[in-house]
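Order of writing sets the labels: A, B, C, D, E and F. Residues in every chain begin at 1.
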Amino acid sequence: MTELLTFGETMLRLSPPRGQRLEAVREFEVVVGGAESNVATAAAQLGHDVRWVSRLPDSPLGRRVIRELRSNDVTTEIVWDDRHRLGTYYLEHGSDPRPVNVVYDRADSAFTHISEADLPIGTIEAADVVHTSGITPGLSDVTAEVTETLLETASDSSAAVSFDLNYRSKLWDREAARDTFESLFEHVDLLFAPERDVSDVLGIDEAPEKQAVRLADGYDVETVVITLGSEGALALQDGEIHRQSAIETETFDAIGTGDAFVGGFLAEHLAGSGIGRRLAYGAATAALKRTIGGDAALITPDEVAAIVNDATEEISR
Amino acid sequence: MTELLTFGETMLRLSPPRGQRLEAVREFEVVVGGAESNVATAAAQLGHDVRWVSRLPDSPLGRRVIRELRSNDVTTEIVWDDRHRLGTYYLEHGSDPRPVNVVYDRADSAFTHISEADLPIGTIEAADVVHTSGITPGLSDVTAEVTETLLETASDSSAAVSFDLNYRSKLWDREAARDTFESLFEHVDLLFAPERDVSDVLGIDEAPEKQAVRLADGYDVETVVITLGSEGALALQDGEIHRQSAIETETFDAIGTGDAFVGGFLAEHLAGSGIGRRLAYGAATAALKRTIGGDAALITPDEVAAIVNDATEEISR
Amino acid sequence: MTELLTFGETMLRLSPPRGQRLEAVREFEVVVGGAESNVATAAAQLGHDVRWVSRLPDSPLGRRVIRELRSNDVTTEIVWDDRHRLGTYYLEHGSDPRPVNVVYDRADSAFTHISEADLPIGTIEAADVVHTSGITPGLSDVTAEVTETLLETASDSSAAVSFDLNYRSKLWDREAARDTFESLFEHVDLLFAPERDVSDVLGIDEAPEKQAVRLADGYDVETVVITLGSEGALALQDGEIHRQSAIETETFDAIGTGDAFVGGFLAEHLAGSGIGRRLAYGAATAALKRTIGGDAALITPDEVAAIVNDATEEISR
Amino acid sequence: MTELLTFGETMLRLSPPRGQRLEAVREFEVVVGGAESNVATAAAQLGHDVRWVSRLPDSPLGRRVIRELRSNDVTTEIVWDDRHRLGTYYLEHGSDPRPVNVVYDRADSAFTHISEADLPIGTIEAADVVHTSGITPGLSDVTAEVTETLLETASDSSAAVSFDLNYRSKLWDREAARDTFESLFEHVDLLFAPERDVSDVLGIDEAPEKQAVRLADGYDVETVVITLGSEGALALQDGEIHRQSAIETETFDAIGTGDAFVGGFLAEHLAGSGIGRRLAYGAATAALKRTIGGDAALITPDEVAAIVNDATEEISR
Amino acid sequence: MTELLTFGETMLRLSPPRGQRLEAVREFEVVVGGAESNVATAAAQLGHDVRWVSRLPDSPLGRRVIRELRSNDVTTEIVWDDRHRLGTYYLEHGSDPRPVNVVYDRADSAFTHISEADLPIGTIEAADVVHTSGITPGLSDVTAEVTETLLETASDSSAAVSFDLNYRSKLWDREAARDTFESLFEHVDLLFAPERDVSDVLGIDEAPEKQAVRLADGYDVETVVITLGSEGALALQDGEIHRQSAIETETFDAIGTGDAFVGGFLAEHLAGSGIGRRLAYGAATAALKRTIGGDAALITPDEVAAIVNDATEEISR
Amino acid sequence: MTELLTFGETMLRLSPPRGQRLEAVREFEVVVGGAESNVATAAAQLGHDVRWVSRLPDSPLGRRVIRELRSNDVTTEIVWDDRHRLGTYYLEHGSDPRPVNVVYDRADSAFTHISEADLPIGTIEAADVVHTSGITPGLSDVTAEVTETLLETASDSSAAVSFDLNYRSKLWDREAARDTFESLFEHVDLLFAPERDVSDVLGIDEAPEKQAVRLADGYDVETVVITLGSEGALALQDGEIHRQSAIETETFDAIGTGDAFVGGFLAEHLAGSGIGRRLAYGAATAALKRTIGGDAALITPDEVAAIVNDATEEISR
């Protein structure tokens, strides 16, 4: 009875108070974050039945991760690993002209040792939507293989397969990522990709509308969403382009914005809404996320609906 | 020897750190707040002899309230109640497009059980100005009656009666509020009202200048101040309209802005200043309040005067 | 597939930092606590399938409660109430000779408005053990009736009924409590009761062994556990007395000790262990709880087992 | 209508979190403290009408001091100084075998510039008890003179004069202190003195009972209280010795214990109680103080009475 | 082997959390700050060998200062004083229209008792650049004399002498400052001065370019930098004017901006860069400083270079 | 001119507030810790010229480590690694019967990739004492080899070689440790070893006096110190046994106690003191450490001397 199943690594996120440098840090605020569990949280907060599949160290730190996800109403299905570590990442908040600084410390984490045997095949086949991101295959050779198996399994069942490109230059180079992405696209039904990555990684250096068409046609993807940062997003479905502007925010914490967008979009996909409404919910969930500390979009359906309605009214005036 | 006596309920205010959702709160910052004690604080900080009359639970929480007000230099005159609770309110700070969220938990508080016998008649009669707000009669049938008695008593003595409309839709509906307000107006000398409430609650859907005239004439109110949010305020006195623009601020905490305005205005009223200066002090006190955490305007006469002078200079250049 | 179902009210617990008086509080640490959800947490942490049934306000504060319980691995089954409040309690930590001070603010909470229709009959009937405490019937006339229905329903099914006396003098007087307790005992299979309450409330002013016999015989209770504070506990089952000494602790937070004892005991009951082992697990879980901040026993099966084994070894040396 | 008037310097107290060294401090907890205002607070909390007379800088820091004292229900009568500083002291909490470390930074404070003209003669003459400590004359030549005038004035009126020896070796040497103390004793009715100071500073190296007799006879002091640390205290009045044992505590913050003792004692003096009860209230107030962070005894009459009754019961058993 | 030697007073800086008034402060954040040690930190963080010479109390507070400077990679050369205090300053963060409020408490600090004998002559003579500011001679008659000796000594050796005007009206009046400054200028090679001080204190009320020329010519100063606040800065060297615009920032803490500018400038001076690059590094270091809490510019060479390059690119586009 | 050179890994230490479980952690206190840098800190605080040699990631986290050590007055000589991570460890404070819980996350740290080429041979040869611990060779094959080279180099120069056994079962098994330790002993002049490790790891299951003799004779070690936990320590030198009792403490943070002992001992070794005084300083430094948060002994020579003198006086009475 899982509506959305997401698969990926989640880390401990450690951040100093605002205005304090990492090299002088005295105390860390601790939350958990990972692209796919962030998506899971957003969709679960919006009322869907969501399951996150992963591998974690059998330690208080591994339990720390699932405690937070369970409180977000995400069901967790975990393979416990008693030999490897929990990935962590350090986040130093920025302030113009000083950018946010992220220091990853995720090498050799329990998740990078996941195996095909760890995949809950039955659960995957029974899901309505299966989602992962381009970070997952980039973590290790093993995760690349397991990702392929996951998408294949989902694709062979009735599940819709959702994939967020999420290219991370600190993990792998563009060529390796491109090869892997292209081999995965055949299983994908819903593709989310930032304009810049489509251009830089996939080599499609065109206007976003053209990018969407090239991706949809080239890889037979049903729905392509190109995200445009402060310009919003656009989607191609059934040969038609749909545009969504971004919502202005007083940003408190920008980490997880893209994941919130995907989570909001998928929530409306599960609700059976049309593409316009899916985009609107994605944008509203992303905007709310930016006002909240941590990776996760702790929002309610009412709050998102209110933003969507406000934005709609503004347009109709 | 009381210059200003205010009457109303004060609550414990509990707010999570910025960026933290109420549903995930781990720690609350604690202050006290209430419309009429906020007014009292602003006027006391500006150097006046101010007394706040109320009913509180005879508990550490009731004492928490008076400890803070005494430190603000407000004299407290309390009826102690050993059966009922202290009202509280939860405040979640907002960030665009997420609004501030206030959750009231004030039902059945000690204050709602106040009785006419609790009113210190002698003290009321000896005050220069007696102030309460539209929240007070909206709390319970009992408080509505006691409010009427208070205003009558003050009106029958030499005290000037000040009333801030402060309609709260979470407390009562518009019709009930309108009836009550209209019956109280006859005792009122100084009326503060937001443009929107005059329109929505009192049904006077006109330009603010007209609203002021209608209120002054209709209820024989000596001075009517219509507050206009970011547009400032205007006052009608002796048939003349006086305008005050709002002062731009980098807002830290907007709660209590309106009360600070009233407190600043009344302080200059007590000082015998003209209407223009009263409005200017109201606006400056309100602006300073917005830069300070908590409900209360912890300001000094010098700080307010500096803002007033700056604003004046700007205009005169 | 619920092993343990608990039923009762859970509140927000607000406590100032150590050494700070409630009447001067500037910040509250926030956790949630309630006798029956505390029991649920302890048993869930020990690996059992536990469900907590309750009624909560449909607000961020109600959601705050279930977020914490879900993170403790407790399944929540909630009736959402959109009219009433969340109970809270204020906890001031003590330090000899100053006692812990608890100020309850739970009157008229959503839970006190629970109705029989809110009980999930099927779930109750399918549980292995159904547990509540003497606080629940003491909250309102309604909760007293619903408690009776709950215990009857459970008793009529195959569920074992567990009841912790938990008399609270701030809720009701001894006579009322006694009458209610006595009418509930007929449904009870497992009774936990502090020696003092058996004496003061039930009027059985005898040695604890005798108290156990009187309760077991008088009300046909299968297992009676008399708790003795720093003297540990004793249990009567099948006519035999079993003793358990308390484990010495460096106490950090004593709130919830008794609930942890019940949770540890019930966990071993569910595991099919004998009475001696149940008592040992109760005592060890309680001891660990005292070292942890908050109401809840965030412990692991290994940690509890280690204490049990240490204590056993000590005896055997 | 002042029952107790105290006179002395109050400082800002800055202390690092426990376990953090002063030389590595990152944040200070801030309270205010001063021997005489500590006494004032204890007596005010016990329900008496108390006034504290002092001189403070006309700055936010000076106002910081009176805000805290007013919240403690102490009336403040301040001469504002626009040229000198606020005294501060740094307090590093200790832990055996590392002692508490106090670093004073009080030289040249506004208080050390007080003058006789600053004394509110009328208020002093109208007080029931006037209290200061041996710290006050030790701060500067000026404060020594003003102290003498204060005690003379009080002594010449109907006020009882209370004096706590409080020798501080960091302020002056023993000879200077002895000379000053001896010249002040003629005005004193109630003398509090630690056994060690009587021996080391006043040169009376005898058993405490003898010390009391020597002081009472030698300086014609009506009541002499010799404090004995963990041994409690003894008092000599009307030729009779009364003993009071100390109450065992789990100490959170020992600073201000002696002042709380004096405040509790004087509160019962004002209440007209006998010497035994005054000593008992002193000891109970002191014990409670040790459980509370900061210099001030934030206690209630009921809490102190409960300790006194407990201690009494223990003895009577 | 010292590249930069700076000389001056450093204080403990105590600031309440944002939004909290100094008069209601409950906790202070603690850092250290002083114009010359701030300059030292910026240059040391940029990779230079920097030494700070000063006088401090021989106490945990004096050690607090050097602990922080050593962690910033500044070598400290301290004369320890066992009689005088550490200067402190209180900083209340502002928010428009409420300005930052600084309360100095630095009178009679150990530094004001420095003597010529305390100067490490050999170290001074061996430094490449010797820097102090106009605050130092303003602290006491003694510091004025020692400053003159310092500059003379440096000037007579091969060291370049750098001086930042830094007029503080709370320390001395304009006439005294002017006389002292003018007598020091003869030793100065690099002069930093805010446009306003050149006008108000030195009496050169002209356009900044003219001010630079007047200073360079009048006092034979090799390089004159006039700082213009949000307008950036300009420098005169070899008869040519060089301009530097300010970099826009989202400011977290503006204290120390000017010192960071000087530190960045001197770092490039030591690196042998031309005047344009020195100005650019000054501006970038200053901009980064504004995003960081505390007085000190905890930055890296790479971060500063990135800002410089960004700014350059912007211009070249 | 280095008196003491220590070599080893230092990690970031992350600990939740007391009473908070690691699996529910919301904020970490951050300090740095490592056996050999802890020893370095203690000796540096006691006034010696101390250098710590290590390898760290070239990142803000690596700089975090040296910032703290420099503030402790330790000179750092670092090889910067731009590919590997910083080791971390998680510390959950305990409370009886719940033990302290340490979770290491140090695998594959920059330090484990140190090479012989990284050793500063000249600096090592010029040191008076070279110290490392049994943790260092246990980290990786590479560190085992480098440790051997370090001790050989030191041994071949005039440096005294100090070695603290410090067996960590989480790093390697006893057999591997024993073989490595035994091969290192030939270079060692000063050996510190806990009684239990000598028994369990080295297989010398005898009374501590015998253990010392066996080690001294078997491996030709000049001075052997056997540490006995709460029983203190004993040393064998020149064939004579010297005993030192432990000093009772109110423990705040026990981590680093053993390192503080070694640091205190070595400080007196460097001062040329006899074996009794070295032991006494070791014990006093260790006792003070236990009262201070973090791994490091932030103490002063005077504080240690006071404890030593107190302990001596106690004995001599």
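Operating definition for what follows: a contact is a pair of C-beta atoms (placed from the backbone, for glycine too) under 8 Å apart; a residue touches a chain by one contact, two chains touch by 3 or more.
All of these numbers come straight from a predicted model, not from anything done at the bench.
Enquirer: Quick one: which chain's Cα centre is the longest way from chain A's?
Expert: D
Enquirer: Out of A-E, A-F or A-C, find the interface that copies C-D, where copy means more than half of the contact pairs are identical.
Expert: A-E
Enquirer: Is the C-beta contact count larger for A-F or for E-F?
Expert: Most C-beta pairs in contact, of the two: A-F.
Enquirer: Which integer distance in Å separates the CA centroid of chain C from that of chain E?
Expert: 63
Enquirer: Could you work out how far the Cα centre of chain C sits from that of chain F, in whole Å?
Expert: A distance of 47 Å separates the two centres.
Enquirer: Multi-chain contacts only, two chains or more: what residues does chain A have there?
Expert: In chain A, 21, 23-24, 26, 67, 71 touch at least two other chains.
Enquirer: Quick one: which chain pairs are touching?
Expert: Between chains, contact exists in these pairs: A-B, A-C, A-E, A-F, B-C, B-D, B-E, C-D, C-F, D-E, D-F, E-F.
Enquirer: Taking the complex as given, what residues does chain A use to touch chain E?
Expert: That would be residues 18-21, 23-24, 94-98 of chain A.
Enquirer: Within the complex, which stretch of chain D touches chain B?
Expert: 67-68, 70-73
Enquirer: How about chain E: which of its residues touch chain A in the complex?
Expert: Counting only chain E, the residues touching chain A are 71, 247-253, 287-288, 291-294, 298, 303, 307, 310.
Enquirer: Under the touch definition given earlier, write down the residues of chain D that touch chain E in their complex.
Expert: It is residues 14, 21-30, 59-61, 63-64, 67, 85-86, 88, 90, 92, 101, 103, 105, 107-108 of chain D that touch chain E.
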